[in-house]
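Order of writing sets the chain letters: A, B, C, D, E and F. Residues in each chain are counted from 1.
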Amino acid sequence: MDNRIGRLAMLLLLEEGERPLPEGWSYCIGKVGAMDEQKVVAAIETAARSNHIIRSNVYRETHALYHAIMEALHGVTRGHFQLGDVLRTVGLRFAIVRGTPYKEASEGEWIAVALYGTIGAPVKGLEHETMGLGINHI
Amino acid sequence: MDNRIGRLAMLLLLEEGERPLPEGWSYCIGKVGAMDEQKVVAAIETAARSNHIIRSNVYRETHALYHAIMEALHGVTRGHFQLGDVLRTVGLRFAIVRGTPYKEASEGEWIAVALYGTIGAPVKGLEHETMGLGINHI
Amino acid sequence: MDNRIGRLAMLLLLEEGERPLPEGWSYCIGKVGAMDEQKVVAAIETAARSNHIIRSNVYRETHALYHAIMEALHGVTRGHFQLGDVLRTVGLRFAIVRGTPYKEASEGEWIAVALYGTIGAPVKGLEHETMGLGINHI
Amino acid sequence: MDNRIGRLAMLLLLEEGERPLPEGWSYCIGKVGAMDEQKVVAAIETAARSNHIIRSNVYRETHALYHAIMEALHGVTRGHFQLGDVLRTVGLRFAIVRGTPYKEASEGEWIAVALYGTIGAPVKGLEHETMGLGINHI
Amino acid sequence: MDNRIGRLAMLLLLEEGERPLPEGWSYCIGKVGAMDEQKVVAAIETAARSNHIIRSNVYRETHALYHAIMEALHGVTRGHFQLGDVLRTVGLRFAIVRGTPYKEASEGEWIAVALYGTIGAPVKGLEHETMGLGINHI
Amino acid sequence: MDNRIGRLAMLLLLEEGERPLPEGWSYCIGKVGAMDEQKVVAAIETAARSNHIIRSNVYRETHALYHAIMEALHGVTRGHFQLGDVLRTVGLRFAIVRGTPYKEASEGEWIAVALYGTIGAPVKGLEHETMGLGINHI
């Protein structure tokens, strides 16, 4: 991997300020708070579409993004792929980056989804940090 | 959370150079490459002990660290908690931070384990980035 | 295994037309579309009961069927045992077959549940095929 | 382990009558019936707080209890961390014990959560027994 | 459930001394220590066969026992279905009970597998208790 | 989905004889018996490469195939993503199909991996059928 797309996505969440992107890359940032995993998935998909990171009418791009989101949620949920069902809630910021991390043109485009925020009981303060990263070819 | 222990652990891996730590905190950094999940766990535990992040002769500290490692590995493995068994290998750097992320003294000490590196087929280049974060009270 | 009960259940879904069954075997076919995993389970259980594949008043038969359904759903959901919670929906046909796949009389009756259809985003066309097969002694 | 906190928690559920506790230990017992995993978690957390097994305003104690509950639920759900979503319900009694199972003072306090009852279809009688045990440092 | 087969299996492990069994029931008790999950499964299966709890030459009985063991191991491993692969070891006693827990003759025989012991790092003392219970129709 | 790539892959395993493929599609068939999940993955990857279903020197194609294999193995293993570790073995035939299941040219190529065979104890005859299907964009 020549251009670290995952590291870039993570730093967009962890550091303040703009970051230069390689030419031809695109990204967006958003936030979502929910006890409902479905809402987290929907918020990220909607942001990716409305910011033209993926093309809405091409299923393979939705498919690639979806699996990257699922993988990032493993890091956030760490063993129980659930939020409200196990009485916890998240407050997350997310970054979606699309680009060409490999030098070889044949490797084409990839997508990274990074999540960072807090997870815990649905009571302010009863929470700790959580993060997740998913990467897929698109 | 007043001092973001997870963010600190991740930035120790993602950014070059030293980072100032709050007073009374400790950390260590290491690396491990393996197709064997057992070796990843062992490398992190050994580093935590030899750098005095945890006390070797106190089981509750080993127990706290162990679960933080398990949680971080969920982010790295994303759904199949295995490496060589499913024919893949990792090259990881890890950061272990022990500190007091909450203002209230009663919240005591916590431990964060961050992992960052690559995961993929056991062939150079057939890999992408991966990351995980686990946090536990200690 | 002398009479392949799982293969038969799958072919009932994949091929058009009637198929001859060994003597003493029974089966039923149905369909269900849902974002709610509970509805998938309920549809299959209801079909099995109303078609007399299992006896409603015998718990061990419900228990055998239930675990066969759970196993088939692993094939359909492939790692996240959820539908709407992770913002996806299924359109499935199912076949339930009860019979004696082994020659030895002591092996008794077994039940196979096969599922085949599509899984994807809750938008027409954003989906691909999925299948699952569960087998249990009854 | 010198004082078996898990065995004690289990016997509080399996045997009738009072049991003597080591000095300084505390426990409570309760029951919950639900198709909703969230309600099971909430019932146990509420009992632990109202019986002063944990301090409500200390997050690390909630965190320790929460993970012990999650671990006990693995024993109850055995592979699908869900109840109503997969069309089943539980009727459980639970015991929460807080104490010092290790001789060394440095090992401090631990918490055990034991669950015992029935799991099955949401129909009276279509059910069998289930149990789970989670243990964590607190 | 009229005769609590699971409770009986657990009490055989948690309490000293003999326990009376309902007429026609059978059971055996054994122990196994291993870092290798395969050895735990093999020890339980071997004990069940050599004590004639199941008939070796009837696959449906092996199948029923196997799934009961798998379910009990969920309680023991609590989320990561592994031992040595995640650098931990178990020392377990196990009880296998075969009987007729339901009044109705049509419910037939069931099998319960209970496990109780310690789990932890492969170092004496770095461990806590663990328990699991699996029940299946046979 | 206009050309059902998953159904085709499964029928290649379930029915004897050749099947016509849409123009531009490719496939291969193979078999593998193993107690070691790694060997199953390796056998499928090797067949895909030596039959030119994927290009060996393009990581994104290996990545697409790998995740399709993982998904198919969920159907085969149904909840415990392990073989020998839980004392069981598989005898599988596999079909890999690459093609264009969607009418729209923008949807491009997809890959399907189907598995069908037996799973059970490492003793001849103590086994039942198992099946899995994984589909990914490539």
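Structural remarks
Throughout what follows, a residue touches a chain if its C-beta (ideal position, glycine included) is under 8 Å from a C-beta of that chain, and two chains touch if they have at least 3 such contacts.
Please read all numbers here as calculations on a predicted model, not as lab measurements.
For chain pairs A-B and B-D, the one joined by more C-beta pairs in contact is A-B. The greatest centre-to-centre distance from chain F, using averaged C-alpha positions, is reached by D.
In summary, the pair chain E and chain F forms a contact in which the copies contribute largely different residue numbers, shared numbers making up under half of all those used. Farthest from chain C in terms of Cα centroid separation is B.
For the pair chain C and chain E, the distance between mean C-alpha positions equals 29 Å. Separating the CA-averaged centres of chain A and chain D is a span of 34 Å. Rounded to a whole number, the gap between the C-alpha centres of chain C and chain F is 21 angstrom.
Residue numbers of chain A whose C-beta contacts span two or more other chains: 59, 63, 70, 79-82, 85, 110, 127-128. On the side of chain E, the complex with chain D involves touching residues 1, 4-7, 10-11, 14-15, 70-71, 74-75, 77-79, 101, 110, 112, 116, 118, 127-135. Those residues of chain E whose C-beta lies close enough to touch chain C in the complex are 55, 57-60, 63-64, 67, 102, 104, 106-108, 110, 136-137.
Only residues 80-82, 84-88, 120-121, 125-128 of chain E touch chain B when the two sit together in their complex. Those residues of chain F that touch chain B in the complex are listed here as 36-38, 41-42, 45, 59, 62-63, 66, 70, 73, 81-82, 85.
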